[in-house]
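Here chain A shows up in two complexes: once beside chain B, once beside chain C.
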Partner chain A sequence: MNNIVTVNNLTVKFSNRKSAFSKKVTKTVLDDVCFEVREGEILGLVGESGSGKSTIAKAILKLVPYEGEIHHESDNPQMIFQDPYSALNPAKKVGWLFEEALYLKGEKDSLVRKAKALEMIQMVGLSEEYLERFPRELSGGQRQRVCIGLALMQNPKFLIADEAVSALDVTIQAQILELLKELHDKMGLSILFISHDLKVVYNLCQRVMILKSGKIVESGEVKEVYTNPQHEYTKQLLSSVF
Partner chain B sequence: MKYVLKKLVTMIITVVLVTFFVFLAFNLISGDPATSALGTEATPERLAAYRTQMGLDDPVVVQYLRWGGNFLTGDMGTSYSYRMSVSSMISEKIPVTLIMAVMSFLIMIVVAIPIGIYTAEHKDGVLDRIITVINQVVMAIPPFFSGILITLLFGQIFKLFTPGKYISYQDDFGGFLGYMFFPALAIALPKITMAVKLLRTSVLKEVKNDYVRTAYSKGNSSRQVLYGHVLKNAFLPVITFLGMCLTDMIAGSIIVEQVFSVPGLGRILLTSISNRDYPVVMAIIVIIACLVLLVNMLVDVLYGFIDPRITPDD
Partner chain C sequence: MIKKLFKNKNLNLIIGTVIVAIMVLFMLVGIFAIPYESTDISASLKFAPMSLEHPFGCDNFGRDILSRVMEGTIATFKVALGTVIIGTFFGIIIGGVTGYFGGIIDEVLMRVIDAVFAFPSILLALLFISILGSGTYQVTIALGIAFVPSFSRIVRAEFLKAKNMDYVRMARLMGASNIRIMFVHILPNIYPVLISSIMIGFNNAVLAEASMSYLGIGVQPPEPSLGRMLSEAQTYIFKVPNYALFPGIAVILLILGFSLLGDALGEK
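Take a look at the complex of A and B:
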């Protein structure tokens, strides 16, 4: 199986100024992280708040400066965010957001754009009328569907879901997870699924990595890690849930 | 339509309340319009005759209603101290103050918006930090003092205008605008600094939203993201502020008019207050109140256009 993303010795440091005149303070957020995402798999990334989960996602998308090597097989990785309320521009209609992606790719024919937007919104389980709505008129779950649809507009091979269901209530969570699974099966997507919810990861992912304070302390097949955890931290995490 | 009607009714009620309370306030504070009109040497008989002639002996409510009724028919009354009709006194002053306010508003927009966007775009850059420091300093200078500084700098040193030599807009409109630029600048300066700060913060806050990252990942350039996605949302709080500024500038011109010897509404308002010249004061207050309310209404309507989240029914 090929790797869709290979990460070697990834280190991210943030430096900050407390005020305009003070010296920079440097903090290491990710320390020598190595992993790979295989083609067509859903890889779980678990860790507590502040462990650097989101920073891994940002580094892969080149949103933060990093040291080390990140090798992509897919040229346009897409991301789904935790907060579906801030993930959609409140000033634009859903249809506009869908069509923008096509417009930027050079699709000048508005009929073609509209047809594709319609196709996509139905694919993520919403009906045509939602294209004419503003994000504020949608529920959290519906917004998250729109976000997934927007990501899929790019025809990505690789998707990062950063706490994509954490802000939703349990029934909606299940629906969105179902949708992700379905799209994964249908399109052969590789997904990096970032979560702090061990149960969700168990149900969705094939492999899992445990992150603590910027280091990967354990990784492997989900069933193996869950039944036979090696690291002290993993045991602690699992005992708190099961 | 219903929305506009509702706003209009609120406006009228506000104007009535404002004028009534101002009327009341003048009757409560000490001072006698008859004495200030005729002088302290006037005989009691003459003062009494003057009071009867001007209707000053009637109860406050009657005086108010009489004034209001006349006002509605277009008669703003007669000035106590100048014995001339109020409308002729202030009709020439309104454009002066209004043009000054509009000018300073335009200066503010033209200066503040590009600087605000620039500093947000180049956050923590050298120029951003320099501007931030300058901003803090200028923000602390009140308009009358910056007016004095501007007079000193542009009037005395660079000789760009002659301090105190007001040019009437009826004589030379170009020269008038040239002269008015400087008081307008004095009024605009502190507002510029606030607008810059507000816009910068607003853009930076908006940029943190995930939809900005989504916009990037769709292939927008950073310019496209800023102008196509961020600015429209970032402008919302700024527009409220700009609306408040315009009303503030109309009212705030009073002191700056003194510094630059501009014969606008502010000046005549000050003299009339000290002379207890109610008709003049009332007329000016009605005009200012109407302008303020009108601007607020415009801002509300504009808000509806720029922000789809606000429907006129809200």
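Take a look at the complex of A and C:
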């Protein structure tokens, strides 16, 4: 199986001055992280708050400066954000947002764009009329569906879902996860699924990585890690849930 | 959208629209069907009282006050409109660039803006007029420049808020250029704030133009402007109160109409 993303020795440091005259304080957020995302898999990334989960996502998308090597097979990785309320432009209709994604990809024919937007809104389980709505007229679950559709609009091979369901209530969570799974099977996506929820990761992912204070302490097949944890931290995490 | 606004029975909106409509009508009559030439002098009509021929009466040179108020309103409106256009245009560009990109551009431009902002806008406009010379266009440009700082600050604050939103990150991931993100993705989100500040700016510009002309550096005589008329009428305020009254009412209505409208549109 090919790797869609390969990360070698990824280190991210943030430096900050407390005031203009004090010394720079450097904080290492990610320390020598190595992993790969295989083609067509859902890789879970689990860790507590502040462990650097989102920083990994940002580094892969080149939103933060980093040291080390990140190799992409896919040219346009996309991301689903945690907060569906700020991930959709409040001034634009859903249909416009979908079409904009295609326009930015170079699709100049507005009829083709409209047809594809219609196809996508149905694929994420909403009806045609939602294309004419503003994001404020949608519920949280509907927004997250739109976000997923928007992320898939440019037909990416690799998707990062950063706490994609954490802001939703449990029943909607299940629906969105189902949708994500379905789209994964249908489009052959590779997904890096970032979460702090071990149960969700167990249901969705094939492999899992456990992150603690910027280091990957354990990784492997989900079943293996969950039934036979090696690292002390993993054991703690699992005992707190199951 | 307009239908929806009126359905809410927003009183500000209704009154504002009516007043603005009246003022626009008033100015249109001034452009196409002005009753008398506003600069025509007649010794026999000096301080003629209000009558059917001269509904607002005549001034110290026997000029028809109604016609002069019409032309004066147009002149004032033009200056205020020009000021707001200049201020908004440069305000959006400067505020957008500094708010969106940040860093050194932001530091440098905002310090310049701070320095400009430190002067009261009328004083600043006076400074520019002393460089540019007096006249309608010069006043428009001078006031426009004086209005840039406040607009760019408002726009900058909004861009700062928006640039860290996830939808901007998403647009960037999809390959949108910075210019496209700034003007297509972020700008529509700040329309409500922008509209109210444009309306407030417009009102300040009307007042500023009136005070500049009052000081004798705006619209040049014999061309009428509301501020000039008020300043000339001052001398005769007890003898001919209608001379001061009507230009004053025109200023008030112009400001009231646009501020009510701005309030209503900014609320949403």
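Please note the rule applied: the second predicted complex is superposed on the first by the 237 of 242 C-alpha atoms of A that agree within 3 Å, B and C clash if a C-alpha of one lies under 4 Å from a C-alpha of the other, contacts with A are read in each partner's own complex, and residues count from 1 in each chain.
What we mean here is this: a contact is a pair of C-beta atoms (placed from the backbone, for glycine too) under 8 Å apart; a residue touches a chain by one contact, two chains touch by 3 or more.
What you see is a predicted model; the values in this text were computed from it and never measured.
Partners chain B and chain C, brought together by superposition on chain A, clash. Of the two partner chains placed by the overlay, chain B and chain C both lie in contact with A:101. When the two complexes are overlaid on their common chain A, residue A:134 makes contact with chain B while staying clear of chain C. With both structures placed on the common chain, the touch criterion links A:168 to neither chain B nor chain C. Shared-chain residue A:189: touches no atom of chain B or chain C. Contacts of A:179 after superposition on the shared chain: neither chain B nor chain C is touched. By the document's definition of touching, neither partner reaches A:30: not chain B, not chain C.
By the touch criterion stated above, A:159 is placed in contact with neither chain B nor chain C. Residues 61, 63, 76, 78-79, 81, 83, 86-92, 100-101, 104-105, 150-151, 153-154 of chain A touch chain B in one complex and chain C in the other.
The touching residues of chain A, counted against chain B in their complex, run 17, 20, 61, 63, 76, 78-79, 81, 83, 86-92, 100-101, 104-105, 134, 136, 147, 150-151, 153-154.
Those residues of chain B that touch chain A in the shared complex are 124, 129, 132, 208-211, 213-215, 217-220, 224, 229, 232-233, 306-309. Contacts from chain C toward chain A in the complex involve residues 165-167, 169-171, 173-176, 180, 184-185, 188-189, 191.
Chain A meets chain C in the complex at residues 61, 63, 76-79, 81, 83, 86-92, 100-101, 104-105, 150-151, 153-154.
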